[in-house]
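First the structure, which I've put down as structure tokens, then a few questions once you've had a look.
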Amino acid sequence: MSLDQTTDWSSSELMATVLAGELHDGEVAIMGTGSAIPQASCRLAQLTHAPNFSYIAGGTCSVNPYQQPLVASACDYRLLRAETAVPLTDVVLMEGRGDVFDIFFAGGIQIDVYGNCNLVAVGSWNHPHPRGPGSVGLPFLSRVGRTLIYTMSHNRRTFVEKVDFRSGPGFLEGPVSWREAGLMGGGPAMVVTPLCAMTFNPETLRMRIASLHPGVELQQVVDATGFEIEIEEPVPNTAPPSPEQLDILRAMDPDGLLR
Amino acid sequence: MSLDQTTDWSSSELMATVLAGELHDGEVAIMGTGSAIPQASCRLAQLTHAPNFSYIAGGTCSVNPYQQPLVASACDYRLLRAETAVPLTDVVLMEGRGDVFDIFFAGGIQIDVYGNCNLVAVGSWNHPHPRGPGSVGLPFLSRVGRTLIYTMSHNRRTFVEKVDFRSGPGFLEGPVSWREAGLMGGGPAMVVTPLCAMTFNPETLRMRIASLHPGVELQQVVDATGFEIEIEEPVPNTAPPSPEQLDILRAMDPDGLLR
Amino acid sequence: MGASKIVPISDAISSIVEDGSFVAVGGMHLHNNPMALVREIIRQGRRIGKLLTSPCGAMNADLLLGAGLVDELVTSYVGFEHLGLAPNFRRLAEQGSIRILECDEPYITHGLYAGAGGLPFIPLPRGLEYSDIPKVNPESYAYAEDPFSGERVLVGAPLSPEVALLHAQLSDAQGNAVLLGAHFLDRSMALASKHVILQVERIVSTEEISSHPMGTTIPAFLVDAVVLAAGGCHPTSSHAFYTYDEEHLRQYLAMARDERGTDEYLTRYVHQTTEALYSQSTTDRISGLRYEGSLEERGR
Amino acid sequence: MGASKIVPISDAISSIVEDGSFVAVGGMHLHNNPMALVREIIRQGRRIGKLLTSPCGAMNADLLLGAGLVDELVTSYVGFEHLGLAPNFRRLAEQGSIRILECDEPYITHGLYAGAGGLPFIPLPRGLEYSDIPKVNPESYAYAEDPFSGERVLVGAPLSPEVALLHAQLSDAQGNAVLLGAHFLDRSMALASKHVILQVERIVSTEEISSHPMGTTIPAFLVDAVVLAAGGCHPTSSHAFYTYDEEHLRQYLAMARDERGTDEYLTRYVHQTTEALYSQSTTDRISGLRYEGSLEERGR
């Protein structure tokens, strides 16, 4: 990722900061593949406002990795520079128990207006194009406190009215189906992209713009989103990372994965 | 246990030797509580005729404990002086898989003519007398290659026509029920007591005397057994431990648990 | 990094164990029984609605039973191995004055797995239905149809205790705990229980925990309270630290033959003492019970 | 004490992996993929009836797919993380020329538990039925009635592979194996599979294994063959030994964009070489990939 022209922090750094703001002291989070941004956000939260926040790096299943340094792969051995580690089989149990993890970081090759994620197939499952890598633990979104969705791709291919294949449940098909399902999980809470942060209208359960990242125009988001996104004007600007936050992020990221 | 008056080895040592003779090279055995005799038999087999025999001490779940020294408790920390160890949860899985363990060492407060064992209750389950400690893993007898039963109590309270409570399945209620059940386990293979070794008639599936321990009269066994035991005369004598076997047993048993 | 969870033992019990709750007690046979926590429960007279043991309960269950604090017992064994039967368990069972949910080891193990993983129920291997256990415990065992084969199979209900009482050899102040030696079902209980109270031999730094990240660990976020209880498994063993006190256990077995003796034992070793005093009074005995040449390191 | 199970890699594959069998392949993402065994399977042209990956397959699955040796794939993910999609998996899936048993991580994990434990099937936590996965995979997923609640619940079929191909960092000659670093689902695969072939970085003495009895271990009696394969995970990582070879992986991803490039890759790195030669040719690269300041000890 290249540096933003008009600022001295990158999109990924901003996204990590925004996500960190969603993490509260005492909570426990879990994440999977491709997770440098959530890893950074968790460690950042721990080192700032949430010292009792815990997180598991879903591949190695290390608990509170020190991010010395931040790594690109979810299963990297260096993630075991951590408070401790547990077996993967235990993490799957804890995900299923449903009251252990407050936060699940998710993503998708498609994300729809109700926050459903698709990591499996665009088009029909039998003849997909593209075929995605697969769901891993995303079906557990139905049993987690709340889901934080992040993606580097804010475009009309990713943000669609309805996912072609639901691999990670969001608010399903909207308020009626969500209510009928009576799931124990709280559903998606936020979506963060390089353009903006989005939350969900508690009535319609549809995605709405929460804040525009510095330098992004509202129309850019509307144009890049494949469904009619809810807007409540005036839309605030996303707070940029503070100098302290940037110092922390850069100290854990000598390889510049977030730059 | 005191030394047999007429020999220089104890009942327990003889029983360990007899059991060792049932263990074949390459097999894997599992045992639970109160297991000094089977532990000794397994280690003896390894150090003599069965170097590729393996066994798990069911409490600590240590694999091939070195018996340095033999201990009385199935969960003793010193059992971890072993080739290696696995979690208890893994052992329960392997017991259930059914093709991992060739041998399960069992016992009971009652053992019946078909080799069913009872560790739970004499009399009715609601008003037992005595109440036994409980079954632990004995129901797995239905899924193991073969069961070796041992007990220090050869009397009419222990050896009964039918157990009051079946906690470890033997040949159930005999040939018909055994055939109908179609269990994957091979059923009980041998019963060893301080008086004799017994096997099962392959037709009737009832217990029969296989060999009388040195110095024991046939009538003693008949009198001490609460069901009509099958006898095919002449009944051979149990081979006593060899000097080599005794040397090995005593080297691993400085505390004299088998004496 | 996080806040310390080290609390006095009385606070741990009074604030976390509610009257009537479903409690799992760790350890197995004569080993790693969290006796300090058990004694404190008795001192506080906390009723246990349902008590779950590992496949093999011992002193941990028998003392609570003797104190008359257990309504229902979920177990596959309570005994003292080569030392004899469990006297209070036996007496109450023979009198019919304790409700027993009779179980076997596979159900307890798989039931905790189901509880930990949020599985609605857990099928058991075919063949287990040939013991009489399921017949006397319809609360825990039932039959379901296997949709793949169409066969009727024995299944178990999930085990989801409200509190697990566990002993760990080492823990940091936040509750990252290391079980040296055998793990029995202690980690399973931690995973399946809503709350975990740990008694520990020794508090260590988080750096010490981190230095063996794959050492068997209960992560801090599962742990509600950490109680320092050196020697706290006495008279049972604490793996890698000390073996069981056979003389004391035999004394217990002799005293607990009847209710009066049990009461005397409880008065002397529980009610008339505190854990601090108990620990002081057993320091010398425990010194004599240390494993010869034991390396704490070995246990990992 | 027992007989050595160390065999040449060609014998391990030819004598244990039967054509058409159900094979589990260990490792996860770019780590601990048993690539030496995978390459040898390709050299011998063994057809795999069904291939199971850990929740996250990578090069281990993609190369076998590229070699055209897989009939059915049981997986919840095949990809190269931040490096990109799995090119052969993607191409075959988009062409419809591979049968995919679409799964999720909970099913693969619990399904292996069921396979290991002889459980006839395995209920899954409520809520998982809200993904579309069960709809497209009726072979692995079905619905059963929970006899305790009366509810209809999603369940999975047990996973019982015939052979597991696994990488362990250390093993003795008999197959007592230690996984340093993360374990992923490798131990689950060993427990659930009828046969286990281990490739190992280093053969150690049984005394070395015994010195940490609780170190994460696959016991020898589950293991059929031990193959010495130092560097045998290349181009993926072997925890505690070396990291993944990003340059080589990127080269693979570039070449494998089409069938011809995949064939070229296979010719150069598989068919025209042996594991001994492959290992020789990568020794220097692997030296450059060693973890900084890694302590093998740490991984336990």
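Chains here go by letter, A, B, C and D, matching the order in which they are written, and residues are numbered from 1 within each.
Everything below uses one rule, namely that contacts are C-beta pairs under 8 Å (C-beta built on N, C-alpha and C of every residue); 3 or more make two chains touch, one makes a residue touch a chain.
Everything numeric in this text was worked out from a predicted model, so none of it was measured.
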item	value
Chain pair, A-D or A-C, that carries the greater number of C-beta contacts	A-D
Chain of greatest Cα-centre distance to subunit A	B
Separation of subunit A from subunit D, taking each centre as the mean of its C-alpha atoms, in whole Å	28
Centre distance in Å when subunit A and subunit C are each reduced to the mean of their C-alpha atoms	39
Between subunit A and subunit B, centroid-to-centroid distance (C-alpha), Å	57
Distance from the mean Cα position of subunit D to that of subunit C, given in whole angstrom	37
Where subunit A touches two or more other chains at once, by residue number	62, 80, 85, 92, 96, 98, 143
Residues of subunit C engaged with two or more neighbouring chains	106, 110, 113, 117-119, 124-126, 181-183, 187, 213-215, 298-299
Chain-level touch network, classified as line, ring, star, complete or other	other
All pairs of touching chains, each written as two labels joined by a dash	A-C, A-D, B-C, B-D, C-D
Interfacial residue positions of subunit C with respect to subunit A in the complex	1-3, 113, 115-119, 176, 187, 191-192, 194, 206, 209-210, 213-215, 217, 219-222
For the subunit C and subunit B complex, residues of the former touching the latter	28-31, 55-56, 75-79, 81-82, 85-86, 89-90, 93-94, 96, 102-106, 109-110, 113, 124-128, 130-133, 136, 181-185, 187-188, 237, 239-240, 243-244, 291, 294, 298-299
List of subunit B residues in touch with subunit D within their complex	28, 46, 51-52, 54, 62-64, 80-86, 90, 92-94, 96-100, 143
List of subunit A residues in touch with subunit D within their complex	33-34, 36, 59-62, 72-78, 80, 85, 87-89, 92, 95-96, 98, 119-121, 125-140, 142-143, 165-169, 172, 181, 183-185
Complex contacts: residues of subunit D adjacent to subunit C	106, 110, 113-114, 117-126, 142-149, 151, 153, 155, 157, 180-183, 211-216, 297-300
